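Read from first to last, the chains carry the letters A, B, C and D; within each, the first residue is number 1.
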Amino acid sequence: MDKGHLVPAHLLEIDMEGRAIAGRGKPSAETGLHTVIYRERPDTRAILHVHTIWNTLLSSMFAQTGHVLLEGYELLKGLSEVITHEHQERVPILANSQDYAVLADQLSQTLRQNPRAHGVLLNRHGLYTWGESAAEARRHLEALEFLFEVEGRRLTSGIG
Amino acid sequence: MDKGHLVPAHLLEIDMEGRAIAGRGKPSAETGLHTVIYRERPDTRAILHVHTIWNTLLSSMFAQTGHVLLEGYELLKGLSEVITHEHQERVPILANSQDYAVLADQLSQTLRQNPRAHGVLLNRHGLYTWGESAAEARRHLEALEFLFEVEGRRLTSGIG
Amino acid sequence: MDKGHLVPAHLLEIDMEGRAIAGRGKPSAETGLHTVIYRERPDTRAILHVHTIWNTLLSSMFAQTGHVLLEGYELLKGLSEVITHEHQERVPILANSQDYAVLADQLSQTLRQNPRAHGVLLNRHGLYTWGESAAEARRHLEALEFLFEVEGRRLTSGIG
Amino acid sequence: MDKGHLVPAHLLEIDMEGRAIAGRGKPSAETGLHTVIYRERPDTRAILHVHTIWNTLLSSMFAQTGHVLLEGYELLKGLSEVITHEHQERVPILANSQDYAVLADQLSQTLRQNPRAHGVLLNRHGLYTWGESAAEARRHLEALEFLFEVEGRRLTSGIG
């Protein structure tokens, strides 16, 4: 469905087992990834998931490394509890899969192993990020996407 | 004519031989490519043809190979009947020509040889894609253009 | 002056010697380049001059060659009287100068030596293009800028 | 706070010691950098500070050199008192720091050592630029950001 045509009537309320409890339609196959995040990060009130050029590129470039490392940028301070550009943010990368039960388990482990991560990439798929409010989730999204583009351009520039 | 100035009165209805049957004006020279697609893909209800930076670049980069190969991306699932990122999409590339009768024949053959292709590129010219509705054609367009840009940037990055 | 704040009262009518004949204010220092184009291309009714990322880059990349060569692209057909992608468009590049009298002379010569050119670049400065109507000048601008970006990206990609 | 949600009631008036004298809230930690600029450049009536892809990239590429050199571009004339593209603009780069008192001292020295600079970069952080009016500060911002992008693309293109 074209996201540009979304209206409130299309929204679906689900419970923590991923069952629809209000609204009409079938929950998305990726619902299980959302409930994992709400479970592992109990303060979370909003999750954003986007497919963009630069998050797709960086997830592919660093798939073997297993994470994208972002450091030394002032905009890291856009991430909650980060107070200095000297912060090192590791954004874990999971292999993509159509088996969402398996993927949910891996996401759960990854969130436990990276308790301070602000986002997780799926290889050649997209970014999950979250926050204690919709505004915070959006701030995390904007900060991470900006940093993915800067870092992607820097690494492929052959300079500095 | 500037597409930004198009109004309904400019639209032309044509038959399957490319003759105008409603509206005023002369059918475009590329009309024959549209009717070939409607013939070879009988479920098609809408065709989109665009000239963009990245489809032009990729058509040129892979002109000798004869196709652009897209694989491993979640967004491939934006193409009808594709249900996994493990799908391999080959987008055939035809040499460009001003002889549209010849080009129509080549397009016809290409569509038969690639029964599951969702789009065809003309070298240094643009993309043809289609769908069973205007919405599906547009979804195919967005998915393919996104993938052309990601794949173009990846291939020229020297990394991953 | 911020072009976003332009209103009709800011426009100035000039004669072919570059003297203001209606409106208030002083003609731009580059007026002499406009009158040269109107003189050398008598069918011209509109001239557009823009500073963009890609025309600046290509003017710099090819300053020593003296022109940008665009060939093989379908969008060349956006230029008046060009009917095939096999057309070769040479966009001459002049050294930039703050001596507009000298620059006007060089532009005049360049236009005579390149009677079929649809635009001229000033090195690290910008593009001049024109047309028999504002719509045609704009079509030329859009075609040339698209081609500068494609060609710039192609040449720096290391591929195809 | 999301800048897209700013309304006049969010604005804070401060004195030259960085103390709020009107409005509600606490001055930003970077306030001290603004007052240094007003002090060292007494004609300044507006300061702009932005984080962009290209200023971040160039500040990183040239951090060791200590400045970005911009020369030969017509758009340099967008900077006040610059009347020729032959101008050399050096944009100094400071190491980023969370100690704003130290950073303010370094900025003060840098402004004295570069009396004709129109902007200063903080490494991997952003640009400060200013003007005798909001319009002039914005013109400086647009000119510098355009030049950062052109120069960044030129340097990483491997050509010209």
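The rule is simple: contacts are C-beta pairs under 8 Å (C-beta built on N, C-alpha and C of every residue); 3 or more make two chains touch, one makes a residue touch a chain.
Computed from a predicted model, the values in this text were never measured in an experiment.
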Target chain D, source chain B, minimum contact steps: 2
Turn needed to bring chain B onto chain C - CA fit, degrees, nearest 5: 90
Copies chain A and chain D touch via same or different residues, half shared test: different
Far-end chain from chain D, centres as C-alpha averages: B
Chain C and chain D, separation of their C-alpha mean positions in angstrom: 32
Whole-Å separation of chain centres (CA-atom averages), chain A against chain C: 45
Residues within chain D bordering two or more other chains: 156, 158
Chain-level touch network, classified as line, ring, star, complete or other: ring
Chain-chain contacts as defined at top: A-B, A-D, B-C, C-D
Contacting residues of chain C [partner chain D, same complex]: 2, 51, 53, 56-57, 60-64, 96, 98, 122-126, 152, 155-156, 158
Chain C - residues contacting chain B, complex: 72-75, 83-86, 135, 138-139, 146, 149-150, 153-154, 156-160
